[in-house]
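Dropping the structure in here first, questions after.
Order of writing sets the chain letters: A, B, C and D. Residues in each chain are counted from 1.
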Amino acid sequence: MIFGSDNMVGASPRVLAAIQAANEGTAPSYGADPWCAAALAALGEVFERPVQAYFVSTGTVANSLALAALVPPWGAVLCQRDGHVLADESSAPEFFTGGARLVPLAPVAGKLTPEVVAARLANTGHPPHHAVPRALSITQANERGLVYTPDEVAALARCGRGHGLRMHMDGARFANAVASLGCSPAELTWKAGVDVLCLGASKNGALMAEAVVFFDAALARDFEFRVKRAGQMAAKARFFGAQFGAWLADGHWLALAHGANAVAARLAAGLDGVPGVRRVWPVQANEVFVVLPRALGERLRAQGAVFYDWPEDTLPEGQALGAHEMLVRFVASFASRPEDADALIAAAAAAGA
Amino acid sequence: MIFGSDNMVGASPRVLAAIQAANEGTAPSYGADPWCAAALAALGEVFERPVQAYFVSTGTVANSLALAALVPPWGAVLCQRDGHVLADESSAPEFFTGGARLVPLAPVAGKLTPEVVAARLANTGHPPHHAVPRALSITQANERGLVYTPDEVAALARCGRGHGLRMHMDGARFANAVASLGCSPAELTWKAGVDVLCLGASKNGALMAEAVVFFDAALARDFEFRVKRAGQMAAKARFFGAQFGAWLADGHWLALAHGANAVAARLAAGLDGVPGVRRVWPVQANEVFVVLPRALGERLRAQGAVFYDWPEDTLPEGQALGAHEMLVRFVASFASRPEDADALIAAAAAAGA
Amino acid sequence: MIFGSDNMVGASPRVLAAIQAANEGTAPSYGADPWCAAALAALGEVFERPVQAYFVSTGTVANSLALAALVPPWGAVLCQRDGHVLADESSAPEFFTGGARLVPLAPVAGKLTPEVVAARLANTGHPPHHAVPRALSITQANERGLVYTPDEVAALARCGRGHGLRMHMDGARFANAVASLGCSPAELTWKAGVDVLCLGASKNGALMAEAVVFFDAALARDFEFRVKRAGQMAAKARFFGAQFGAWLADGHWLALAHGANAVAARLAAGLDGVPGVRRVWPVQANEVFVVLPRALGERLRAQGAVFYDWPEDTLPEGQALGAHEMLVRFVASFASRPEDADALIAAAAAAGA
Amino acid sequence: MIFGSDNMVGASPRVLAAIQAANEGTAPSYGADPWCAAALAALGEVFERPVQAYFVSTGTVANSLALAALVPPWGAVLCQRDGHVLADESSAPEFFTGGARLVPLAPVAGKLTPEVVAARLANTGHPPHHAVPRALSITQANERGLVYTPDEVAALARCGRGHGLRMHMDGARFANAVASLGCSPAELTWKAGVDVLCLGASKNGALMAEAVVFFDAALARDFEFRVKRAGQMAAKARFFGAQFGAWLADGHWLALAHGANAVAARLAAGLDGVPGVRRVWPVQANEVFVVLPRALGERLRAQGAVFYDWPEDTLPEGQALGAHEMLVRFVASFASRPEDADALIAAAAAAGA
């Protein structure tokens, strides 16, 4: 009943086997090895076009470096109030961008909309006195477990583009979004106007590997300098390449995401039947947000269930917690099994009975 | 005949096995797992005292973050002219320190000496107009394959301490130095006045893992914030822990280093007998620097030998390259075998004949 | 009818005369001159205690450097949504703090309250993943022309102090606030818990001079290094000293502020009688915010009146602009005369008739 | 006998009068005033072409911002070992550039030469691992009182240009160099390949005013954002404009520099005749460097003479101080009179007798 985070499990066996296989022999350092080359080629196939991609060790550095490539230090990045780049990465984005600003926007029904973005852009202020919006950042799937459809992404990108904004997608759970939407990775990114995707593998089957994927090579100019200065130019980069290669091969990444999504859906459906449990958001990826009676939550934890409290201010507009309620998040990982969900549902049902 | 760098090989089998073993099951994220705890305990044993240690993915970020903990943005770090922090890490140290300055010092017989440091410190300038020296950084083993004895480290630290300088040791090849000197890790670090050691495992048996080891807990205050902002707080930190645990267990790290050092010594001894080859520095760790006739170097490369050109300005004072000579570096790794050295020696002898 | 900003006029005659007087002869550079010494002594008298103070050329750099002394790069500064540090200084605060974050808070009745601050602090997040609040910044008088009483300042400081927050006061119009409240500068600052005051003279009689005033000397440690690195250690600092000395002497600074406040009050009272004009905030310093019929505003401008449009989202909660209305700000300076206000009132009355 | 620095005097009467004249009435803030416009026009005339120029308060911030416009954070700036940007501005250049590196070069006969620059550029290293030279910075007149002829500037710029380097000139004493060389400001800057000149007025007649002058408008792109973020967008910018306008009008700036240079020359000639005094560098601007018997130096100071000790390592190659000698610098300012020089010479002659 471990649903704390999808980063609490290890790597998928295929990814781990690839690391082991790549361990043999010598190879050039710093990315000039065949595994990195193969992974880049695989990314090109997945996205149906040549891309510029750089491998790094965490999502925080991936996002921060990507934003640094999109906005100058006097620029601003519009993002959702509870977006990971704003809420969970300390001030790393400020650090890597040289002091650019993240501007929190209130979501509508859990996501950013062109209307919200346009309203903020209408009030542009007086440069150079004000930080100038230069990028829009969305999370896919987002921090409330919701996905943006290709049309929604395109509408947001179009809105931003009209004001000179670049489009960044934090794809820590991009695989879950693609698996959920059934569209192509291309449709969800560059075809919809995304300039840079931070493609996360760590939460979905890799050991430690993220890719910053540029669809516009011009934006990647000098990016290797940023990677180096960030201390992310790994000597044994072949292991990044090996992880991504295995992860992307034969749709493994999507298969893993499908598994996680399915368990999340199963869990949500089961919890819907438990009295006193109130679902907060539709389950569109691998995260389930529910309001629980506090006593129920505590009993579940006493039985070994792992899940996180979530801030009340992420509830849908107009909703609030009751005096004895808690908002919690369950996350299914690629390694979660249907029986894990069933066990938690059963425990909840028993506890509530 | 691959002697390009010790980062051109993978992980040792024991380290790899540990990664595989750690892959099972779920664990708390961000370092709150048993593998990290065990690795920290192992570091405490190796250094014979409790330490504060933080795991990161590259030597560049390890050094840069360590320096950031030692000097304010208006501080200066004294280091050898060709020290890795100055010469090979782009301006990452400036980035992570918020703009502190690295001050290049000319070595004597390949290493920094208290006299060189003292001469620079005698000329302190007028704060706040001048960058104020606040740390001394040495590499152990250094960029010329030389090691500092515990006494030499202590003399440097003492010299710096008298002017308020902290002592940083870039230990990307610390294992090779310990193996070479036969002293204890404690004698070579905190007992000699080192404040922070960047302990490199990546070059000597790990996949991708470095530790920033603080011997003075006060200096580590807020360091976790630096790690987080650097994008180095890995979700699946257990794999850092697993690597370090296996690497340190049963003296594995030193056994690996002994192996590399022995091959380097064998290679150096063999090359000494090749006409036209001129040894540049004593071989005290796993690196061999020689001047080769350019024709010989090219013939060796044509036969598959891999080694790097090295800048002429690192030759001992007063020496220069002849018109048809080249300065090159051979590095033995933990995976190098005696027969690799023998093959290169034989090829050199044959080519020179 | 020039009410655009209090920075549209020059220096007061007394300040200018002091500059001229200080121009004679030679003096040590970089602040080691008698004028700076005298100005520091005057600040000590005004604040009834020894202070550490540093002179700089603009309010932006004063605020940014002060915040840099209060929060680490991973810290957050709580401030009003439309506070000058957040809304009007580009990302200078991020630049000087090394990437700290400004957190916008919604005001209540135009000002921050302990409740608003406490609500934000209740949700502290999980360090080091989240930016950690380390300072509270208020503007006195604030961007809506409102002043905080000593009790209000103390309540805010107390609220912050309980969570480890330092207290910063942006005093670009501190003189106007003191003149308005009739309290002592000490009561409004350190006695109420303010750690650092950015005391602005530029808007109220100086040519170009601001002081960063520390009431806790420990916080000023190393501040001269920050000043130097900011490019603010002026060679001919005597002119900063001369400006501040003359400005503070004999209550000149408060006399100037009283003059500005009085004209603002006169203007507000007069405009209250003009049909269609709606006052937005009480006039507590030298700024007047009113909603005008757009046609009236345009006619006034056509007659030479100068005033700024102001963002609608600074209206009191629940208020909005009508279709043909505009929100505007009038600012009186020390050089404004009663007849300037009368002229504008008359023009408005005539235009509205 | 005050020859400590040319920043120990105030403003020239004409500059001060201009400040006073500009104090009347209201004007738009932040540089949109007629004085700034007139000063920009005057700069265009002086340099015989349209320029982009920005006024700031100190030379440190002028140089640092200019370098930030020329090099990325991973770039390096080549400069003389004892250049002001490297030796006297704390780590402000690192701060404003976001962590770029200053690379010290040893001068030949007191100045940089194309040979020295070319030698450093020949060793370019391996990007992105090494900081990449992107700019060359020279001081005119330099820190040893020497000037670069237009031909010398052009040779340096050409050398750098071949490697993609931009050319920065620290012109804190540019007026003295122009006055000394008798060439046109254009010949000494853009016609010789200078991209950005930091034109200092503070040391030569202004109160506090420097201009960053771009000859290539493309390089000035977004520069106003840098100025704003630096806290250098002065509200009452008209006073910068007024200072520069008066300073440039009718060749006033050059007349002031001629005066300073003449006094320096007179002083040098006189000291040449004093036994035991050894001149170090030709006097080409307003600075005189001499080696004095320590006893003589002390006696002069006892009589009220003011001059600075200078670091021994700036002596010409191969020279050293004797046991009882000191290296000192005398600087003449625009306000220095011939009789000041004569007094010092007489005192020296008497003391040495």
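Some points to look at:
Please note the rule applied: a residue touches a chain if its C-beta (ideal position, glycine included) is under 8 Å from a C-beta of that chain, and two chains touch if they have at least 3 such contacts.
Just so you know, these numbers come straight off a predicted model, no measurement behind them.
For chain pairs B-D and B-C, the one joined by more C-beta pairs in contact is B-D.
Using mean Cα coordinates as chain centres, the one most removed from chain C is B. Chain centres here are Cα means. That of chain B falls 41 Å from that of chain D. Inter-chain spacing, taken between the CA centroids of chain C and chain D, is 35 Å. Taking the mean of the C-alpha atoms as each chain's centre, chain B and chain C sit 51 Å apart.
For chain B, residues that reach two or more other chains under the stated contact definition are 73-74, 89-91, 95, 98-99, 128-129, 225, 228-229, 233. Chain B meets chain A in the complex at residues 2, 4-5, 7-11, 16, 19-20, 22-29, 56-62, 64-65, 89-92, 95-96, 202-203, 207-208, 225, 228-236, 238-239, 306, 335. Of all residues in chain C, only 30, 72-74, 98-99, 127-129, 132, 222, 224-229, 233 touch chain B in the complex they form.
Within the complex formed with chain B, the residues of chain D that make contact are 73-76, 87-91, 94-95, 98-102, 104, 123, 125, 128-131, 311, 313.
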